[in-house]
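Look at the two complexes coming up: chain A is in both, with chain B in one and chain C in the other.
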Partner chain A sequence: MVQPQQALPEARSDLRNGETPMNFKALNAAVVICGALVCSGAGAKELTIGFSQIGSESGWRAAETTVSKAEAKKRNINFKIADAQQKQENQIRAIRSFIAQGVDAIFLAPVVATGWNAVLREAKEAKIPVVLLDRDIDPSGKDLYLTAVTSDSVHEGKVAGEWLVKAVGSKSCNVVELQGTVGASVAANRKKGFEQGIAGHANLKIVRSQTGDFTRAKGKEVMESFIKADGGGKSICAVYAHNDDMMVGAIQAMKEAGLKPGSDVLTVSIDAVPDIFKAMAAGEANATVELTPDMAGPAFDAIIAYKAKGTTPPKWIQTASKLYTGADNPQAVYESKKDLGY
Partner chain B sequence: MPRKAVSFVLPRLGMPQIVALIIIFAINSFLSPHFLELRVQDGRLFGSLVDVFNRGAPVALLALGMAPIIAMRGIDLSVGAVMAIAGAIAASLADSHALGFVLVCALGAGLMCGLWNGVLVALLGMQPIVATLILMVAGRGVAQLITEGRIVTFANTDLAWLGSGSLLGLPTPIVLTLAMLVLTLLVVRGSALGLLIEATGGNSRASALAGVGTRVITIAVYAWCGLCAALAGIVAAADIMGADANNAGLWLELDAILAVVIGGTSLLGGRFSLVLAVLGALIIQAMNTGILLSGFPPEMNLIVKAIVVLAVLLAQSPRLAGLGLLLRRRRP
Partner chain C sequence: MNRFMPVLATTVVFGVGFAICSLIYPNFASPRVVMNLLTDNAFLGIVAVGMTFVIISGGIDLSVGSVIGFTTVFLALAIERAGMPPLTAFVVVLLLCALFGALMGAAIQYFELPAFIVTLAGMFLARGASFLLSTESIPITAPFYGELAEHALLLPGGFRLTVPAMIMLAVVALCAVLLHFTRFGANVYALGGSRSAAALMGIEVGRTTVLIYTLSSVLAGISGIVFSLYTSSGYSLSAVGVELDAIGAAVIGGTLLSGGHGFIFGTFIGVLIQGLIQTYISFDGMLSSWWAKIATGLLLFCFIALQQLMLLVARRRRPRASGAGAR
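For the complex of A and B:
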């Protein structure tokens, strides 16, 4: 359906140049027929969706791109990805070009929360629905997009906290916390959620909390200092890390200090990257809460329903925060995740 | 004459740094009673004090390369990115090649990066801050290309030993840093090279006219810095048994410059001290470790760090020393 629209302006410009219009009409018709043939071959109207992705900021982001490509293929969607290299101006340019191409929908993983209203209004005027993936934008743009598919990072922290409450039972437990980057909303939310999860259980106490900047190296360094400040780490009963990478570093620090993570010290972290499953399979990690890389799947379904039946999805589609433990066959999960690009 | 023999002579140069380190150690052991505790764990020394030296090793290695450059009135902003490149190369090759080959490739890459910077500065006459900014930005991209944006992990225990193993009861990074310090000292101070570097930094044109091969020396000094940065990158990657191109060495160029400056080397060039630059790196790390041990909320980290750095630099300020002298003289 898109192809004839693209062909028309070309034909018109050529008309202005005084060339024979007949050939172009014929060409136009041919394009329409071709388009129709492709469509009937596919069984249904093929959707074209443009996705403005942030760029390679993390392994999770790479996995999200891989998974969304696979999900698009499953649904027979013509999926175009524009890599913004972490720059908002690139994302705005990509959205404008998607609008010019007349795509059926635009997915946007916004690199920042503000500054989207102008370009999203252009999309709205062109009647192209926009779906936000993974991150939300400033509330002033609420009516400019169709829906946002994101994970609830407070809920993730809560799931982690609730698992620890169950795992510990009634014995008293000193928890140390490795926070994400200071000032990152994810870090603040995962901290809040965890505190909600363990609220009302006086036997669990967060004794130390420091930032590990979401990295393995800092996670290891901070955990080393926690162990030493505690005089060997004997009274640390559990570690909670705001992401798996810091936990992988912390596990190394514990092993080097002669502690046994996974048995002496319980571990729970968030993200579910492949390497934490490797540690889990080796009995060195206990639990992780998944931040699913499949944000595009629910977004595709929402767009398909919206296009076919006109169903308006809810303003916020929350992805599941699935808990994985050693009982979930970590080796198999590792194998399934290791090639996603994490 | 006899008086001189008995008086306990403290080195005039480096007093502020040594005092600062001792004060920070004292504060740390006040904040965390276990700070000075040492024990042997799996055949190596274990304790917060060891951590300060161990975690400070990458920045100390960077400072060893950075100090001569700053003495030449230059600067190298690319060392963090070079760390990421070397780490990425080492981690990608570790499981398929012998350790020697891995090290040669990673160190070679660092050397090439340093040569590139040196050529831009010495032959093309670019401002060092601009010339090295190019690699600072592009280098991280190169590292991300090598790792394809993922964290590349390896299982090669020989390479891991460089980061988390031990030698003579000390963590390997400490031994490596000491060895590099001694080697750099021998090369720079054992010959006239140090003097030539300082001469070039003091007045490049006059030195060239006096027959100093300023271009060759400049290129060599940048290449050495690249090599040191590559070694730091290998140590950092070996430590976590993986290369994290997005974060390895991120902002460490600033810590390295700070370490050199805390070590009393002037950004205007002309003189430098390798030992004090390493001491500067230890001061920064002692501070970081102290903050981690203290249990302060992490929002305080940067403020505490800034205050301590300010205090150390103020203690070195000649103007401030002059002011103190003036006040003392005024007293009857």
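For the complex of A and C:
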């Protein structure tokens, strides 16, 4: 059974190219093998999908690569990843090479928003569907890709805000906010979403808001200044951080100032990296909203449906922004996430 | 015959490499892959040709990657924001590049500064200037650009020769003539052999040096134009580190880093070998793309070792031959 399966792709590519004149014996052999395969019911074609990944600049991206490999394996997809080392020229090169290989679909996590139209048009001409992962491209290329799988960062902020509203109840609460990098769209969106989430609840008030640059060190520093400015931090009831890393820093600052994060001060942040689950398991953090590293899973499903039944997916597939709290067995989540490459 | 050995070795390596890849992957030896090799590496090929001139003359030009980045940003702004016709923008940016290269060449010649330092400063300057112009990636939407980017010459056999590939092949051909068949080319080799000897022979060392760096910067500008065609946008972070890839291509192609030896054709093959390695890795799909750098590094080592070996052999032969003549 193994041998015919290996022989099949070669025979097919010969048929497709028509470059090498095949003798009739070989042709007969190929037909016989094909027939045998169809009869035995093993004829379901394995999909080949190429993924042009940006690189491995952050823990989240490394996890995305790991997870997409695992998801491909689950679906029995022949998955090819090209790491572009943060360079657009490498991504374009990879896409064109995928087209040359005749893959069934191309995934692209674009490093910048512009400059994709020419190469995506080439893919379109070759009738290879393209799915964008995690980031969008310039609107001028809207008709050149099949769908984009991204998370909604406004929604993430909103989920965080709504959790806090529920957790606080009717008592009055002063919230301090650790913002992401100034000017980053993610930071602006997560701020906006959180404000939407707590809107209409006058008992919650954002009293201080400063940027912690998405880093652990800056998060700690800013939290220290919040506590100092507040005269020991007794009136702070909750901390909202635009990412988990800043929250881990803030938790450190609170502990050093003699506060009890997780009980005296509620915490909610976004991303769901392993370290926040460690803090949660220790009772020092309350909630996090997941930015899932599994962008490829929904994309695989969309492509499989598209190939099998011709179903056109919606132009935008929004990933779930799942909320994790101390009740979700944080230790187990930590164990499951720690080896993903974060 | 000895002179041609490195180029021959490079060509053989490329041929064998391509044959192996074609045996492993049935889709590899297709017109599309061959044309992709030319198109995808066009910008690298063009700067590498300029770099070959510089290295043969005994210098180095670290600024080319930044000049490419600057060119793309300048073009995007000039065409999109200032409404300049693309062809006018090309001329303006190439003039700017020529001036930039001439200034670097003059600084190297008249202040007697090492090329490494001067062009390093040029690299920072050009990269800084492009960031000053814009930190964002700017799309170029001019219709002329779209046409150029998608225009291709259909050759028999299904080969699609794209505009970037055409420009690179033209640059390679013209510069091969310039280097191998003109007085300027001969002067470049003479400079690389020995500057003082060249001066004593009556070669205008100053003029030649300025011209070499001007040429390198202009080619970097052309490469920038090709790069902006390739991505239809201008971005200040584009082509970071391309200068090193270009040096690598020249050395793999048999150009001696100490100057005096090298061929344009060798550099061209050196560029194709780097492209071949990357294509192989993306066909494989499971290898980390950083293996491309490792393989290039190993190749570089092999070729440098080969060159040193040949120099040694050449040196040993010479005294014996002259000794025999004296007797």
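We adopt the following convention: the second predicted complex is superposed on the first by the 299 of 342 C-alpha atoms of A that agree within 3 Å, B and C clash if a C-alpha of one lies under 4 Å from a C-alpha of the other, contacts with A are read in each partner's own complex, and residues count from 1 in each chain.
Following the convention adopted for this analysis, a residue touches a chain if its C-beta (ideal position, glycine included) is under 8 Å from a C-beta of that chain, and two chains touch if they have at least 3 such contacts.
Here the structure is a predicted model, which means the values were calculated and not measured.
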Which term applies to chain B and chain C once both are placed on chain A by superposition, clash or fit?
-> fit
Contacts of A:V112 with chain B and chain C, given as first, second, both or neither | second
Which of the two partners, first being chain B and second being chain C, lies in contact with A:R121: first, second, both, or neither?
-> second
Is A:N76 touching the first partner chain B, the second partner chain C, both, or neither of them?
-> neither
Where does A:G341 make contact in the superposed view: on chain B (first), on chain C (second), on both, or on neither?
-> first
Return first, second, both or neither, reflecting whether A:S235 touches chain B, chain C, both chains, or no partner chain.
-> neither
Which partner does A:K87 reach: the first (chain B), the second (chain C), both, or neither?
-> second
Taking the superposition as given, does A:R208 touch the first partner, chain B, the second, chain C, both, or neither?
-> first
Touching A:I99 in the superposition: chain B (first), chain C (second), both, neither?
-> second
After fitting on chain A, the minimum C-alpha spacing between chain B and chain C in angstrom comes out at 5
For chain A, what residues appear in both contact lists, the one with chain B and the one with chain C?
-> none
Over in the complex, which chain C residues touch chain A? Could you list them?
-> 25-27, 30, 32-33, 36, 39-40, 43, 137-139, 141, 146, 149-150, 227, 230-233, 235, 238-240, 278-279, 281-286, 288-290
Please give the residue numbers of chain B that touch chain A in the complex, ascending.
-> 32, 34-35, 37, 41-42, 46-48, 51, 55, 144, 148-151, 153, 164, 236, 239-242, 244, 246-248, 288-289, 292-293, 295, 297-299, 301
Chain A residues touching chain B - in the complex, by the definition given at the top = 56-59, 61-62, 179, 182, 208-211, 213, 215-217, 220-222, 224-226, 228-231, 245, 248-249, 252, 256-258, 275, 341-342
So, in the complex, the side of chain A touching chain C is made of residues 9-10, 13-14, 17, 19, 50, 78-85, 87-90, 92-94, 96-102, 112-115, 117-118, 121, 138, 140
